[in-house]
């Protein structure tokens, strides 16, 4: 099997792609947004609850997508749950750097993180949109 | 001086270009049309009188144009004056063939004709429109 | 029979190694065709030897460029068997061609309450221009259904036709199913006296086109899918119809006279070609047409049809593959899914094997919604593809299934 | 200082013999520029190595093509110093760019009785699109006068500005006079809060462009006049302005979601780029920009300005030549007539000497009417022209006069 493919589809990606965690809708939630990839029609709906200490208490998503987008959404929810918003935003920018191939100056993510499994997306530039769909939905929900 | 240029601008062309014959408006006239070359803005107005024997009794033109278009209009009026319409139409088709480079099967024009002086236009394809402007005006006036 | 080996030698890119040092297997001609060397070389030669702007100049280079450009028009005319070169308008793409006719036609003929019929399997380029018209003129856009074979549901289509129908605009060869429109659909329009536009983006490169035998009033296609350069498309319309239509864009080259009070327009085809046209691209399209004609459009069509059936046979044997639309009446294009594997995964996996296919909605979201799919994988053939390539593709599909569903 | 000899070596066509075995002296760059070898070669290389359709595919070639296309956008952005690449829209020509803004702007902002200001020296491509808008929206088109120097009559321009003025659209560098628009004109619009479009067809290849310093809201130009391929143009608009505008054409690539009920559109710049774009042509424009940048736009500009003055000096000494517009503020373009000789004769005569100039109304009929001329001859310079060529040209003018007025 081919190396590039193995790097893109690491075990953890295939796993989360097939059985995404935190799949569903938060009840209650006070933030939500839709994500959409116009190239392929993939889409998701993200909901989360921020408590009055600015902590993401719960976060879930539903939707359709490829393994990369589902795994990324699934891993994102795992990572962000329980985080304060400002940390979450740092994770956001680290993650978008990571998958677009500039993984030098990450602030909060490191190689131990499960999110690092998505680094292989950097070798497939047209898949970056798959990997970041959920994240952009998160960002736009924050602004809403 | 260059041969192509000399062939295009034969004495008779320069002469008719500088002093066009039959310049003016027929009074009375029963046919008229405007000619127009959208490439350069040249234009003319052609008027003629067809009597009840289908003979072009008088034909004149006014307008602005290059030496080729003026000479062609001038020579045309000289040639067509006194001709019956059906002959005039044959001359029209011979002339358009002549200046677009297919001078083999002419029906009524021959090398003796003054119109033959415009044969050199065939070497300057973008000038064909100059040479035929008056003729197309004639044709469209006939239809009117 | 085509000499495919020789043909492959004509396409520089097919002899390249791509990602991972794999031979390129290009199965994405429906998105855009590769270019033969003669087209590439002639572009080079045009710019190196004869180039100037067209139509407006008297000097030699301008004459040469104008003749090359107008010559391309004649080639297109013959290629689709139009009556006159006045019926051939060069645009930048099929998309622009459809926008042109939508706007010109609507501004003359469409009023509130009028209806335009499309089908649910149209490409976005044959939907959105009509939506924009709908918003402007308050007309209605009706969508004919398709049946499970991927063909237009004729009964439903017929039921949509009425006094209110002003135009029918449908794809000639579906870019998702590969199905070719049934002649009866066109005949129905002709009989009802309703003008019909065929979107020939896919058909022009896969089957011989004769606009007169077809009986269409308007026909559009893109050069880039017909082995020609990007940046040029064709709009064909019957002379008596388009003579009546107002111009679409305004600019140099399409006017007879202008003053500060107003303008009068020139005759066809210039009336619809404002500004400096994609002239070298149009010339390139003429060269591509010569190339295709030399091989023979019928031979190319047969070869691709054979390949399609060869691939369908093999794919049918794969129980993990769903093929969309019936196998009959499929030409050069096959959309499919691997069960439980997203089309993106399939495309990325094949890419690494050197195989280029397309994944997504293929600019046919209404069709995807109709099929309850969010995306499909699609392979499509050009004249240069071979059975060997299909075999490698089939093999890669198996590996792909194994990898993702182990 | 530019090394013109080296530059000339970069342009294959300049080393060709044309009609009568004469060396080509190309003085028609204002109509279209010749192409350097690097542009021609890169088109070849793109088709031979990396070609596929953009944006919609996942496979390697599609990725490479998309990156090349988007890279060209960044180059254009930097070339005109725009704030963001989202402000750069690729079209097929400047003419299409003007039609785009005319339609999108008008459908949002123009109502009956509103006014749009042009000048009498506009190119038809900056007149007819507005006439078409006038016919649709019943607005008024006002034409600012020019003075005898070939510059806008500022008093008259100012007098036209009113509450009703919705847009000003004027040429940045006149394609007849070679005059550059006075900054005060732009400032007047800025001060009055009226959006201004600059037609940069001629300026983009002759002077450095900085849309921010200029203070224009919209800017358009064509690739083919900037040493790039035919079939590509640029539309620039300030992000906050064009974000508000509706799309112009509809089709693939510019939609977010489509159903049979309606569609939503994507973000800038895709919103304005329906269908397969002229992608190789846009790439070629990027290559041309690199080429120009390497030489230095200021150096090119200086060289052409020097040449223009060299030619003006010599032409002034010819008592049989009328030069149109004052000699000051003239850049790269000189329109003239030989007394009593029609411009067509001049052009045909020079053509046989190997010299390509333009003759006619230069798509500026309102200006010709204003000047009471029916046509002029025009020479225009590109980076590759030399003083030697001007000398040969001057000499040919004398011969021409002798021949026609002997």
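Chains here go by letter, A, B, C and D, matching the order in which they are written, and residues are numbered from 1 within each.
Going forward, contacts are C-beta pairs under 8 Å (C-beta built on N, C-alpha and C of every residue); 3 or more make two chains touch, one makes a residue touch a chain.
What you see is a predicted model; the values in this text were computed from it and never measured.
Chain pair with the larger contact count among B-C and A-C is A-C, by C-beta pairs in contact. Using mean Cα coordinates as chain centres, the one most removed from chain B is A.
Centre-to-centre separation between chain B and chain C, using Cα means, comes to 46 Å. Work out the mean CA point of chain B and of chain D, and you get 37 Å between them. Centre-to-centre, using mean CA coordinates, chain C is 31 Å away from chain D. Taken residue by residue, chain D touches two or more other chains at 19, 56-59, 62, 255, 257, 344, 348, 351, 359-360, 365, whereas all remaining positions touch fewer. The set of chain A residues that touch two or more partner chains comprises 39, 124, 127.
Pairs of chains that satisfy the touch definition comprise A-C, A-D, B-C, B-D, C-D.
Partner chain A is touched in their complex by these residues of chain D: 55-59, 62-63, 66-67, 255-257, 266. Those residues of chain B whose C-beta lies close enough to touch chain D in the complex are 1-2, 4-5, 8-9, 14, 39-43, 64-68, 124, 127, 130.
Interface residues of chain A, counted against chain D in their complex, comprise 36, 38-39, 124-127. On the chain C side of its complex with chain D, the touching residues are 12-13, 16, 18-19, 24, 26, 28, 31-32, 34-35, 39-41, 43-44, 47-53, 56-62, 91-96, 98-99, 107, 120, 123-125, 127-132, 136, 141, 143, 222, 224, 229-233, 247, 249-255, 257-260, 262-263, 274-281, 344, 347-348, 350-351, 355-360, 362-363, 365-366, 369. Those residues of chain C that touch chain A in the complex are listed here as 19-20, 342-345, 348-349, 351-353, 359-361, 365, 368, 374-375, 399, 403-404.
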